[in-house]
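Chain lettering (A, B, C and D) follows the sequence in which the chains are written, and residue indices restart at 1 in each chain.
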């Protein structure tokens, strides 16, 4: 049981990390950036390539990996989002453009094998790989029947720290205020001298960088890096998390992450493994029906 | 009695929006409902029409109990309403909007449609005819306006269209929530005539509006709300002279507003009241120089070749009917809507290619229409955002304090979320925010829109003070009289073009202007 | 384009056939010379199946090159078209139709994934076109390709070792070595491949006296498998059966070892790629599976293949490359003996399928024959991960 | 490339040798129109695959166990989908926008992972074989029913109900003020969409020998949503065009030994949506023939002045 609690916390952290990026963009733009899962994967993939194929130190690889995800954030903004904003497209249009980009990113990694035009990016094709042991020291302790693996244990403080920093950033810094202003009313914000486009760009870049970081941590702790980790394993759960927590709310995303982790493990322990996933989604369903605004979302009622 | 409200109650959290209101609306009458912003008028309407559940008391439409019924049932019972902030089906054509209004009257044609039987065609034809008639009753041209998407109609027409849509229900009671908001006197005159005509055909109307001339002019009875309670109820004369009402709502300047009707000596007093010296001619050196600017929304040219100049230290008013393009000009200057052609230079900055943010940095600041404040953030945060461009935070903080001194009400509310403020307070916040951006030229868009008379006085006092503080002001205002009173010069805009220009005085005197915009 | 080429070939064939008939003394001559044997492969190059498709393709292309360089099939060149079904069963079936009806391929290979195969094979059967499965290992592939309809499919063959053989052999071998008492089965319930394997494990274990303590089902989309592994480990089984493929086996092994479990991993074809062994690393050491092919085999037909493959692609082949390569060799052999007419496609397809039943050649997989049910009849190699991304041979089980 | 070439040079042969592809286009179009119904009534419901699964499993199971005629199986599947639609609709329909979307995703995942994979009769993870399938013969019924469905939906949008949906989509509160029973009409749309999806599912199961439990998940729902959005959901034809475009796209960009189809497909997706944000087919039908005064988009339709 104790081990299961730990498992819940670990996976919860991963969910939270992944979801924060989502929720950040949604909070500001009311847009679901479906390329986020691809960026998440890209962060892990690039870092792996740098370590294994380009023989960089893990630290360097991380920095470069996150940096390239930030750049990918720029791509998302300039190719998928801004043109649609300019054309005053309905938010749902951005769904399509980001799906398109995700398709491209995943395909690029998936087709990255020896002799292909993407071999510089990735050489293991659709295969799943893991960081060679020793990439980072990964001692494992056994305490009172519990297994504590360094890379997993580390995720928790990292997550919490990141969230606190981000929370402070949004709540108290000038930039954070600007962000919230843009989130609430871009028109009014621009009339107060805020450069809305710049704000949005920064948001998407920040969110993508976070996504990349999450991907790296995932690759380390779960020892599974493949073109599909974002899309297959986290995309939908990420959505579930930000809804559970309340769309656009960062503490919400964190709480939602841990909540989903708990629900899933609880479902496993109580109902048995084979219905676990089903139960988790049923819980999500109920959660929405009972409290549509999510844990931290504010009740929204229209003014007539 | 057509409508009978019996001790209705509704509170949101601690706020008693409607606190035991009872009133009766005579069948076939026009009943006015007035009160300061946030007095609970709209909430009351929402309770009656079922949008907000009542927490006590009952509402009767003749023998039908309204309370406890869902909105669409109440509508089907014959209670039609319009909305304070227009809610049309923007993508649908005006005609389609009206046709949807007839929903409850049409028999279900689904099967006929599926089988494509000719029945529905006959049906459709009659529906379309009805819709045409309704649009004509409210003074819209079905063949022209009918084909355009409701969202692209001029503001005034949208208000009329909403009324037509409501009429499509064949209602027993029509509730109009600020139908004349943001209209100039001549348009208001039109609405007034429309209301009277509908009433003459036997329709009972509950009218909510801030315009005393309208309310006092058309209503047989008037009820006054304040803090969710009814503080007065009677024929217009009694109410308008009721001291409680005057203190709570009308305020000092308002009796003249209320009394100002054709043939009063008001204007002459006014001239005596102010110094005769005015600069009329367009200034040589202008801080803002706009030449032959065109702006278009999709297919419509909202602004067609406008040229205007504003010199340092002036107050310049832009007046004109709604849809004349006043706000569009301001938004174009602020860089929110693209300028199709022409030149617009502010203090050497080419406004056509500049980003909104850099325009603000240069000192051209707009206080937008519709109080675009950030409701989810506190008053203080709103003000802090206004100092966004500043490097020196400490100095900014000082100025914010100063600003709160200048508008004490904001000081008291500093910790509150902005969306808890009343309409007037929001407007003051918007203005304060504008000022904190260190404007060299302040664009004010409809500062008195939807405000109770008392508030209007306060806001204009503030504007006057700002001007005396040396800030140049470009003012867009549907309350043309108030605007001209404080303006050095004014431009009269019609359908996107400048028709007249001159000193505030000249325009006050100009019979054409008075006819069109001063309702006298 | 393709169509026109087909028509040309067709006309040419007619002319030649005419000549053949006129010159009675010709004694048949060589109807193959200068002809083209059109083969089509449906493989998953993109999508989840992309783990296997590309290897199969490399193996096939290698075989085609070798055959065509060494004079082709009685002088006829093999023209292989590989089409990617994006791991989608719908695209797979559509491709099958167009390749059979439009491209007029003589025979098909593939598809890569089982859940595509169950759609494609019955289709090929109904269109009377031989199709050879080169990577599908599930149940009901052959002979009852249209299960639950029991009638055996005449046109469907398989050269990939079915889990039905592999898993029981693997369990049997380990049972004889170590006599395990208890086991836990981990199966990805939303993955046909894994579920097939799971069913087989459940059917097999008790005949070797292994008690299945628990069947733990999970979704292949699970990010973190720890909770399941924890559950499994806490039962302290002697054996953990893993029937999944892709990243899952390695993730389970790593986690289980981390949690201090020291028992034996037994699996199926999902283990048989170097990537899995590499991803599992030390945690995978000793994990056993029954493989259709072992890279270390030194008999000529394998050694040559491995060398040729390394030369061509400068990387090691894997089981799927070997099976793809073998697939082409098998069809070539059958085509050689089928004395095709190149004029009547339907007839040729029938001849080819008949010839396929009697294939008997040496392949990288070992001496190769089809069983009466068109399944592979070959030696099974029990291999185990060496903990360093490779495999070592433990047993070899000759076909009964 | 061969693909296009043959389509123009030899359409007959093309049709004969691509019946499976064309049939799939038809199925996807029906799915897309089921998505259209909910979108048109202002509900971002992603439940379609769930109802597909119900339709598919019902009809195949009935066929396998009771050997009942296909038509009957289809019908039962549709009805069952409708019933489930009501049950699911009651709680979720008060949700708006993305919240409804996620709730419906919760539904389909719970259905496929929680139920289908754990009820023995469905064959669980092994999937369900349908030996009676008729891949090559199924196309006619598909195309016929597609035509009928599109026509009926078009009629529906012309009538009282359609206008009400139109109103609800644009402003529920205003619709209420006109006496439109919003809740009931949303429910009608939801159930109708469910039945269409169930029908598509039943048909599809008849075209392939195998019902794959993993095909009724989120990936499918995203695909269907893409059909509707890319095609344009303001007009009945939009989603159908979207389905046609996206289903053929992989074949159009198919080049032998070219492994980067998804890269191209993704790029095309982005380009199309950027240049036609409202979808390939605008609200008033094909955008090319759209009258000048027609609204460009909801947001741009703001009152000047």
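By our rule, contacts are C-beta pairs under 8 Å (C-beta built on N, C-alpha and C of every residue); 3 or more make two chains touch, one makes a residue touch a chain.
As the structure is a computational prediction, the values presented were derived from the model and not from experiment.
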item	value
Pair sharing more residue contacts (C-beta pairs) when A-C is set against A-D	A-D
Most remote chain, CA-based centroid, reference being subunit A	B
Centre distance in Å when subunit A and subunit C are each reduced to the mean of their C-alpha atoms	37
Intercentroid distance (Cα basis), subunit C paired with subunit B, Å	74
CA centroid of subunit A to CA centroid of subunit D, Å	29
Whole-Å gap separating subunit A and subunit B, where each centre is the average of the chain's CA atoms	44
Multi-chain contact sites of subunit B, meaning residues that touch two or more partners	51, 83, 87
Shared interface positions of subunit D, touching two or more other chains	113, 117-118, 173, 259, 261-262, 296, 298, 300
Multi-partner residues of subunit C (each touching 2 or more other chains)	46, 189, 217, 219
Touch relationships between chains, expressed as pairs	A-B, A-C, A-D, B-D, C-D
Residue numbers on subunit A that touch subunit C, as the complex places them	3-4, 7-8, 10-11, 14-15, 107, 110-111, 113-115, 124-130, 132-133, 140, 142, 147, 149, 218, 221-224, 226, 228-229, 232-234, 236-237, 264-265, 268, 273-274, 276-277
Complex contact set, residues of subunit B against subunit A	42, 45-46, 51, 83-85, 87, 334-336, 355-357, 360-361, 365-366, 368, 372-377, 381, 384-386, 388-389, 393, 433, 437
Subunit C partner contacts - residues on subunit D that touch it in the complex	1-2, 5-6, 10, 13, 16-21, 24, 64, 112-113, 117-118, 124-127, 129, 131, 133, 135-136, 208-210, 212-215, 250-251, 254, 256-257, 259, 261-262
Residue ranges of subunit C touching subunit A (in the complex, touch as defined)	46-51, 54, 189, 216-224, 226-228, 230-231, 234, 246-247, 250-251, 254, 258-260, 273, 275, 278-279, 281-282, 313-315
Residue numbers on subunit C that touch subunit D, as the complex places them	1-3, 45-46, 81-84, 86, 89-91, 93-94, 97-98, 101-102, 115, 118-119, 122-123, 126, 140, 146-149, 187-192, 194-196, 198-199, 217, 219
